């Protein structure tokens, strides 16, 4: 960690700061510059709080040299993590997975029907929302537990593992028992109580990136889950919020090589929420596979205009099947199969 | 609500769409354009879901004419709401309130000591975090219930009502019993389960704006609380996330006249989190008062460089007292006293 | 165009507004709503200025139904435009092109040497900056005309058409004579005097997206060039500015299907400026090809750490050659050859 | 400047890097860390190019300790600069100035009429656009030279100095001769050829912040003008582009204390472009004065709904006069008169 000190800082104060860090078992190096002096701290700086150091009036700036995450950091865990989702490996050199399903579960019939179509099209897991985070209190809020039961029924009929979003700590047991891959949504990416709680689960976690989360914040949220005991985190990019209005969110696919460089965790891409428009889903999906994503999570509905939520970004099953065919070719051109 | 239809939409489909809306008791007007046809819907459109309508392949676009919020909407509630916080009115023509206190409660001594300084400087409520949302799992996470007890002690000694952040549903009773103004933090602004829960509380809620929340999203989150039964919502702007690096967040003070135009709710400003730097807090505070804010919430610490969190943005008590003196003059120049 | 009128607008005023539009040969339809009244305007609304209409105190809001661009609009020009760059077709079903070369031209030797390596690796055009837009006045500003001459020499030796950035109107003749594809940089995307001037050139224009340009603004800048007489515009995405710090810019590859839906113009992708880091260039390039880009423009330098500008994002020739090999496979998997 | 080197960098390479900097007369200090080694460079690092250094494969990261600007830097010029605009001092402890006038000049009558109203209301300079940067090629592009003549006529009749936007180098003589304060618009903030050219003018420059410009970029653009010989730069904040839709742009008033801390230049605020809506102009203007702005530049039109551009954000003269009255009271409460 590099601490820039004001040139006019009294010697007494500089000494105090130095001793403070030394008392924390950090080695302190000082460089005297023309306009500023600089302390370089060596040792375990991940536990230091930049903003606390900045509070000292003689400190001009604080910059990290090492990343603030450890468990998620590839530097200390060079091999790819492969996360097991009910028998399906995700990450590393495992085949690319495609998850499909409706935004909201609307009942057993719908869940089973779409699950079958997802499977037939080549998808290997079923997604579906039972608890729905909706911007408006007047919008449909999800079927709740009934929706989870419908998904379980769909899994029985098709064998597809199920992915669903957990919104609050009091439903942890329900998800532990029934859901194969527990999604933390973008709006809860920094709901730290929820992160700690899923850190104690025994199911893998799909951690979506928040709409205003820097990549580093997102990795720090994965670190929360891991530090609480659950190493099985899959990251999921779904776009960030920008001024652009032609898409719902803006997704930088550069996150794929970045996540693979900085961490050892698998990353999958959600082209449905990032674009917000079914017309753009295929192009972005193919791009993600070419960039090296470990998987895709795509909204599929057989009657998008009757979907209870987010029909605008849902693909019809036949379009989903076409997408998978094309994605398969791209994956193969990249030397990696699609599951 | 205005629905733009593709010019080549088959008449049969257009008829279906029209009948669908008419079956919902909406009046449908059609305008035939050169490139598109347009439906204008009249009636209670707040319960319609734009994205569901957009899922129809013949629909090009959907635009709201009326705002999607009702209870918070000034159109249906022209008078300012004045929210009572343990006897102190906030909003409307009430005097401007200044809330001060440490980012984190660090113990009874610290809480009481700073509370006295806040009071002496002219502050009328005490803030302090007992449960802290921290980006890193390795940072101090707050004293928890012990911190709440310390705040209560500080209130006993000074008479200042207390403001603290609630992070999870399972602490609701603790807050209902002890806290005078319950803060929902930026990271939980769209934690809808938490919003619903505080909608059932009997304490006023301080709803911070999320870092990537459009003003409309923020008002919709207030609407969640109000729709669940709690009309006592105070909005709190604390900046949004942008590319700018010299401040922690970017705060558009235009939110003050906008919130007053669109809603009847009080709005207070948090210059500490928005700038992230104590040096800029005074200027932004004075600006907020001049723009018509109903209050300020400011981090105050007697030893910022020893604060357990966010010292970088905390004012020392003497600076806080100076700020209040200046703010008082500005408030008076605007024809409104400072409490 | 949809104009929302305040419900309390006096009839006299509403009549005036209506007559104003009718006098412009627009058909006006009125829908009476519960909270607002709405005018729907039919006719050539592209020439109307929304912000002028909004100035009327009885107008609440103005929304466009049709896009404000005409010449670039696919609605009026359904076939893909194919732009000829010194004999190389770009766009439509033409093979994907890869442009390579140094950020800055550093002399004839360097230009010729890198041009040969670009050609050998499979690139089909040479890029190189002679006039450089630099954030700091103390940074290298480009060789100017000498750099253009160096590029011409490199073209003579390799046959590769040359692409270079034009920064001011007074160099138009120099570029008309020497450069095959005239680049307008991101920082000049709304330098309207420059756009008008290149609208009179007889060379194709490569129009980069501005760092804060919405897709619609970018298309409007293409419209400026086209409306001044030059239909040969190729759009180039290079990322937008967001809060993310791990990349230089954030690039939404969804622009590829969007540009192809809204316009008939070719689109190429610049992975070097968007990521700002050579390590991420390959992944983003492959993604762009998979998403349907018409080409790539990539910075290549044989000694990046001695490059006079932007070495951090430049690929070495051997990496560039590898990238092209992989891109070729992806292009073929998509049923489109790489040139 | 702090350079982070990969731990596995070969000694030979580290030596080369060190020697390279030493050959540039920089002192190099090395700190050996656990995960990285760090070079601290001491000396004149403003002329170093971070991105060139980052191109070295053994370099992980480069961070500046000192700001990259010198002439604008308060560190080397501790006194406030006061810029003289045709006899009116701007900056330092000079009275706060209010500039008013139409977005576009529409003819001599209009210019003179509004100038008189601006003067009567208490404004001390006249703004007006003769050359207009418009997003659409189909919008009114300004009266050009005729508009400049109209402004000159208005100055003759009222004595108000005139402010107008220069869009291209070939109009420099026209502006040098006629205009008192030469505006560089947001879209040209990084039109470096134009910045260099106005660096040779003998008139003060009003440099607007670009829509996606970090504060540091903006100061660097001022540095361009200053480094070319013109020290008379006034900075003008007009908002940046964010996801928020209720305002045209988002303006962080924290720029006022920041600019005053980092530079010695005057700063004025444009509440019209930042909000884009006349209803919010007064609140933001008062806020800016309270935060310590050196001036305001406000759009005023006697018939906003007939304005040829941007009527939506223009104040009527009577509202402008009220605003000035209120601003005067705020300025006085801050201990600084309004001119």
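By written order: A, B, C and D. Residues from 1 in each chain.
Simple rule for what comes next: contacts are C-beta pairs under 8 Å (C-beta built on N, C-alpha and C of every residue); 3 or more make two chains touch, one makes a residue touch a chain.
Only a predicted model underlies this, so the values are computations on that prediction, with no experimental measurement involved.
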**Prompt:** If you average the Cα atoms per chain, which one ends up farthest from subunit B?
**Reply:** C
**Item:** Gap in Å, rounded to a whole number, between the CA centres of subunit C and subunit A
**Value:** 31
**Asked** Where the CA atoms of subunit A average out and where those of subunit B average out, how many Å apart are those spots?
**Response** 26
**Request:** Quick one: report the Å distance separating subunit B from subunit C, using the average Cα coordinate of each chain.
**Result:** 39
**Request:** Can you tell me which residues of subunit A touch two or more of the remaining chains?
**Result:** 212, 240-243
**Asked** In graph terms, nodes being chains and edges touches, is this line, ring, star, complete or other?
**Response** complete
**Request:** Please give the residue numbers of subunit A that touch subunit C in the complex, ascending.
**Result:** 212, 214-216, 239-240, 242-247, 250-254, 256-258, 261-262, 274-275, 279-280, 282-284, 286-292, 326, 329-330, 332-334
**Asked** Inside the complex, what are the residues of subunit A that reach subunit B?
**Response** 46-47, 49, 51-52, 54-57, 68, 133-141, 167-170, 187-188, 190-194, 196, 210-212, 217, 220, 223-224, 227-228, 240-241, 276, 278, 304-305, 307-314
**Fill in**
Per the touch rule, the subunit B residues reaching subunit C in their complex are 2, 4, 29, 31-36, 38, 40, 42-43, 61, 63, 65-66, 75, 241-243
